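Chain naming follows the written order as A, B, C, D, E and F, and within any one chain the residues start at number 1.
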Amino acid sequence: MLAVMPMLAHAQAPATASATDIAALRQAVADAKSSADNTWMLVSSALVLMMTGPGLALFYGGLVRRKNVLGTMMQSFAMMAIITVTWAVASYSLAFDAGNSFIGGLHHLFLRGVGAEPDVAYASTFPAQTYMIYQMMFAIITPALITGAFAERMKFSAMVLFTVLWSFVVYDPMAHMVWGQGGLLNIAGGRFPCLDFAGGTVVHVTSGVSALVCALYLGKRVGYPTVKMAPHSVVLSFIGACLLWVGWFGFNAGSALSSGPLATAAFVNTHLGAASAAIGWMLAEKVRNGKPSALGGISGAVAGLVAITPAAGFVQPMSSLAIGLLAGLACYAMVAVVKLRFGYDDSLDAFGVHGVGGTLGALLTGLFAAKAVNPIFKDAQGNNLPVGAIDGHWGQLLNQSVGIAIAIVLSVVGTLALLKLVDVTVGLRLSAEDEAEGMDVSQHGEEGYDWA
Amino acid sequence: MLAVMPMLAHAQAPATASATDIAALRQAVADAKSSADNTWMLVSSALVLMMTGPGLALFYGGLVRRKNVLGTMMQSFAMMAIITVTWAVASYSLAFDAGNSFIGGLHHLFLRGVGAEPDVAYASTFPAQTYMIYQMMFAIITPALITGAFAERMKFSAMVLFTVLWSFVVYDPMAHMVWGQGGLLNIAGGRFPCLDFAGGTVVHVTSGVSALVCALYLGKRVGYPTVKMAPHSVVLSFIGACLLWVGWFGFNAGSALSSGPLATAAFVNTHLGAASAAIGWMLAEKVRNGKPSALGGISGAVAGLVAITPAAGFVQPMSSLAIGLLAGLACYAMVAVVKLRFGYDDSLDAFGVHGVGGTLGALLTGLFAAKAVNPIFKDAQGNNLPVGAIDGHWGQLLNQSVGIAIAIVLSVVGTLALLKLVDVTVGLRLSAEDEAEGMDVSQHGEEGYDWA
Amino acid sequence: MLAVMPMLAHAQAPATASATDIAALRQAVADAKSSADNTWMLVSSALVLMMTGPGLALFYGGLVRRKNVLGTMMQSFAMMAIITVTWAVASYSLAFDAGNSFIGGLHHLFLRGVGAEPDVAYASTFPAQTYMIYQMMFAIITPALITGAFAERMKFSAMVLFTVLWSFVVYDPMAHMVWGQGGLLNIAGGRFPCLDFAGGTVVHVTSGVSALVCALYLGKRVGYPTVKMAPHSVVLSFIGACLLWVGWFGFNAGSALSSGPLATAAFVNTHLGAASAAIGWMLAEKVRNGKPSALGGISGAVAGLVAITPAAGFVQPMSSLAIGLLAGLACYAMVAVVKLRFGYDDSLDAFGVHGVGGTLGALLTGLFAAKAVNPIFKDAQGNNLPVGAIDGHWGQLLNQSVGIAIAIVLSVVGTLALLKLVDVTVGLRLSAEDEAEGMDVSQHGEEGYDWA
Amino acid sequence: MQKIEAIIQPSRLDAVKDALIEAGVEGMTILEARGHGRQKGHTEFYRGREYTVDLLPKVKLEIVVRDEVVEKAIQAIATTARTGHIGDGKIFVSRIDEAIRIRNDERGETAL
Amino acid sequence: MQKIEAIIQPSRLDAVKDALIEAGVEGMTILEARGHGRQKGHTEFYRGREYTVDLLPKVKLEIVVRDEVVEKAIQAIATTARTGHIGDGKIFVSRIDEAIRIRNDERGETAL
Amino acid sequence: MQKIEAIIQPSRLDAVKDALIEAGVEGMTILEARGHGRQKGHTEFYRGREYTVDLLPKVKLEIVVRDEVVEKAIQAIATTARTGHIGDGKIFVSRIDEAIRIRNDERGETAL
């Protein structure tokens, strides 16, 4: 047993002193609860950072040819460095300061007023700074996801400029609309309450759709699809995928913004979704090629993690198995059939996995969301209202569709405009020589491996 | 200082209102404690998943020849995908639903009744779902450990079928007997109270012994032992071993099912056991080959982690140093002397490390368990009774032996039966051509590395 | 909602029973708070271990030539094994038992008296054992950092002997002086209160300066600088650097020894410092070579993490951006300009990054420390006093300088003496043949990769 | 019988291989190589240290063919491997006195 | 002096090496290679994209020996490298005009 | 034209390369190789299993030069590659009948 905490130790406990005792205890309880939730949020923040680096960097880095491994990993790493600064300086304010229904205000520029006190608009049990850093990690990984679409052929300078602008033009508004106070799609009072527990629309639909636009705008890699462009190290991708899986617990369960039962539910759903999607993808391969592959297994797991992201805190475990399975099959079909048919070069399948998985997940969330899991809709008397179609609230599918539609439109328009802008200024694409030589040498003056 | 939590904010504190205040505070305290423990259990769950992927996958993947790296990692990954589903659907119920002394009941099929409420039979401070997912991670890694025995020569289809059946036939009953309500070996009221803090018998003896049976049944790899079969990347194995070490904190300290002093004790013992076993193995190498090796160091650490697993929450730190040292020396002797003498091909030493280390650890737990650390045995008046032989309770060594014996018998019988079954149905072993070509290409149609 | 905890369940709540209720509640609250903080500290301990293995081992392992990869990783791994034992047996006592101003006492030898109770001298909300294991992880990584200076040319036996002695002669006293009760530099009552939140002087100045001494004493690698000695795998170093970044949250935010707002502040500062330093280093490269590199990005991030270490719990977020940027630029200049000019072979830049970054960070902490963040200095009435120069307390820069000076002197003298001792006993340097063959084969009898 | 050794750009390997099969040359052995010549290399920087890399990745083909096929094979290689840039590589021809097929001990041209 | 170049299955390398030493041939140089010939390759799938791999891993031995040892060496290689399956590989023989041992500048057959 | 094949210690590659350029030989192709000869190997241990490694890392240079340059090139290689220890390697010389520069189809010595 532990000694009574010093902060309480002094106080005696006469039967008459309870009023002040109660007040002191309330404060102490609040502190204890805060420490518990804050621990969970800090751990979750660390896990989400780990998703980008080394997670995503390895997942993508292993999929490219050897000569581009560092250049590809750098695209994720650059986000860890640069978005961190832009988020602290301005984006957090634009996304989460109270503003209009589309974008936040400027009160939190340079993290002004973001300190040790909770921001009760978002979470009442831990410091606003914790919420800020947690959200920062989401802002870092989202543009990093896009890079899979233009792998092996974009200038580093152009990539940096594009992603930074993208994060202001597409990410910040979308985050505000869905999660920000007064946001158009906010489930707490928004015009179209869109269920997005951890970023199905905000993170995956936006990055996935923007990825497709990038792939189409930049065109194919030289030699695609005739030249063999197999992953130079499925082993690296495997490590990355596993770290993504582990980190995703922080991404989804952390989004409960507390470490109570809801965090557990999100954690469980996340894991089940990943597992059944991995099975789905491997089964599809087994049927089509006769052999399930390691690359297929990890790709499926990531597809499932993407699809379960908006649903994690709203659905039953068995629903997660269904969502995962569907995501595994759908993303496989997109990547291995549709993409090849149309012939565009979404090099690392950022659209095929995140765009498709995210959209599917957002819709299925509207279908499977259950008030038994998370009764977010209440009537005036505070009685629980049905949440998803499975509860009888079919209208939610409409809200979900609105959220998806807005994410798609914003991504297409924003991405196209920015690509054009960057293209005419610094130029998007590597010269044929640089592309042939590889990004590592041409863009960074180094090589990934020196076996000599 | 934090603002008082909203849930308490409304309540005023007149000197007369204390009764209701107390009730509200009790609830608030329970919530705070729950958030704290739940955070620890979710983190631990994530850590244990990380042990399998990427941890174990890399540890084993680095030890095989290059042509089998993906096939080997896939064996661990497949468990992450498949056991997740079987556990949620049925195994959790079979292991942890109250049943008879050998197996659990069926009330929790499809996770029925496993929700936000705690299951007080196991842990009163966090949701039953948390306990379920934490235990799932153990169920995932255990069969994955076996795969080290039949590395480089088993059909993927056969491996999947075998491990899934094994988890029902061997793992679920063993977990129920040791940890399940009413289990035969349960320290809380079982017929033979067997001390197994985090799975010395349930995880390591079962997987290790089953591994030996597999190695003997499948026979040697083509060319063993004449052909050089050195690890294709000790570097990968090194990464994997370090991640196993880190993840093992969740495995052992998480088994305290609370983040109090007992979790700390388990954490410390785990770390000390790993360290001294690494030293033990390296010393043995130094003496025998004149050079300690990196592979030896990491192998020793894993051996120590295995041996300390049953003891982690029962022994003193200095006892952990002893347990670790003995485990390092014993496992080295088994792997580097005994195995080579007998000539069987326990390819990655799943038996030599997990079987031997687990058995040794289970026995030493009976020797070193101290009531000063964890007074689990009490008399009618609630006074602490001696726990291990070191406390004077020599009988505990018998209980430990019974647990070990049951684990061995169950593993040998179950594994043999299942191997036979799978052999006659899908066939266990790769064709000579496939084995020569390697699992990556023959089983999965891909290659681990493309240096071209 | 959760059921009321059993421990409280029995107690009824009559309006008259409040006195005992209050006492019970106090205890319950203390437990809850303890569980929360203990969770954070155990997680942080695991994260700091992950920094050494696999983090630092990979960071350094990737930077050396292929033939030395295992030997280099072993230098970090050996610390995980050996320092663990020496710390438990003696060093913890020497560093943290109350003693004189320079070194601790012997009461805690063999962890005597280090148990479940908190040691209120250090942290009142979690077990002393938790504090001990957390501090152990710091003691492990510090000597491991030095190994970067003598990479590729030191005998394994000599390295082990040297680092173990170093940890007693340099680390333990320094840790005691800065963090130990009654320490000369302790901010709570020390003669020269030196601000060092997580080890700027204790960890980085000592290891960095000692590294320089080692590099000068051992001399250059054969062929340096004419022969190409490029990293054999920047990919490995990248993985390692990302894991260092993630683990550093445990290193810095864990040093708050509680998971309240201060932990959050340290977490945020750590992240901002790493990010802006990465940008700083890459910018310097862009200017000088025309290309920012992946190696530069990760080196910068590590430099920033080093520099922010002493400041993490004392400064404002925007100050962290400044500290990071300066650290990135300064360390780049040191490594890429000064070192090359002087021509010594600080092979992996242990001095250039840790020595320079640590010293810079310690000074800037004195400059930017703000009472608004962490009011550690109080007057008799308990009013906050200015902390850093930015608060108007310029004298703090002197205290910081004293701390740095002591760290430097102790490191230079101690390291020189120990190098001499080890040199005359076992001999420090590899034979020319062994150095040419590589450490993996010559010291450990194994190879890192077998691509055959 | 003669041996044709061709050093080409790695990126041209697939095309050259197909052209040779086209030309009826089924058997060939490929080796990874690095080459130095007129083609200039590139510069790398590692923490400020500068290295000029003047050994560039190449692929070496070795083909043993009957005398009458030599010219045809050379043409097949040269035309498909040619990009017109410095660094395209070289083809060397030399005499082979004997060839044995390991599988069945066949000797001479029939072994090819 | 003649040069024997043998392309064999990687799995046979150790056996062949021992056979050569057996036959008194101590000195040899080994190169990793990939080969194309009658032996058919395999198919790989990456996210639905299919690649046929028809360059298979081989090992190339290069041995320079005195004329009188040639036949003996060829036999040693052929018999131990033979598995009887397509893909066993080839042996090629050509003339070497001069050999120098770098260590001591010895020339001719004594340099071998 | 003649082909000079030199097997040397990897650590000597840079020096040899520079010496050749010095000697006016710009064009060369390098291959990674492993060698067996008088030089003894080392022993490795993996979990108690012992392996003797007697194939040691070497680098192979291939240079085709005009007849009159041969001796000069050999000297350049031999002197710079020599460390005096067993394992320094060998140089072999053989005839090349034709050389083609892929880029522009030049033939004969001008192609070098």
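As a working rule, a contact is a pair of C-beta atoms (placed from the backbone, for glycine too) under 8 Å apart; a residue touches a chain by one contact, two chains touch by 3 or more.
Since this is a predicted model, take the numbers as computed values, not measurements.
Novice: Tell me which chains count as touching both chain B and chain D.
Specialist: A, C, E, F
Novice: When B-F is set beside D-E, which has more C-beta pairs in contact?
Specialist: Top pair by contacting C-beta pairs is D-E.
Novice: Nearest whole angstrom, what separates the Cα centre of chain A from the Cα centre of chain C?
Specialist: 31
Novice: Taking each chain's centre as its mean C-alpha position, how far apart are chain C and chain E in Å?
Specialist: Chain centroid spacing, chain C to chain E, equals 53 Å.
Novice: Averaging over Cα atoms per chain, report the distance between chain B and chain E in Å.
Specialist: Distance between chain centres, rounded to whole Å: 48 Å.
Novice: Chain D: which residues touch two or more other chains?
Specialist: Those would be 31-32, 44-46, 94-95.
Novice: Out of chain B, which residues touch more than one other chain, so two or more?
Specialist: 2, 18, 22, 25, 29, 31-36, 39, 43, 116, 228, 230-231, 239, 260-261, 289, 291, 293, 295, 445-447, 452
Novice: Going by the contact rule set out above, which residues of chain E touch chain B in the complex?
Specialist: Listed in rising order, the residues are 11, 14, 42-46.
Novice: Tell me, which parts of chain F touch chain B in their complex?
Specialist: Against chain B, the touching part of chain F is residues 44-51.
Novice: For a test of understanding, state which residues of chain C touch chain D in their complex under the given definition.
Specialist: Residues 225, 228, 230-231, 285, 288-289, 291, 293, 295-296, 299, 332, 335-337, 339-340, 349.
Novice: Which stretch or stretches of chain B touch chain C in the complex?
Specialist: 2, 16, 18-19, 22-23, 25-27, 29-37, 39-40, 43, 47, 65-66, 116-118, 120, 124-125, 230-235, 238-239, 242-243, 245-246, 249-250, 253, 258-261, 263-265, 267-268, 271-272, 274-276, 278-279, 282, 289-295, 297-298, 300-301, 317-318, 321
Novice: In the complex formed with chain B, which residues of chain C make contact?
Specialist: 1-6, 8, 13-15, 18, 21-22, 25, 28-29, 31-36, 38-39, 42-43, 45-46, 49-50, 53-54, 57-58, 61, 69-71, 73-74, 77-78, 80-82, 84-85, 88, 110-111, 115-116, 126-127, 129-130, 132-133, 136, 156, 236, 239, 260-261, 440, 443-452
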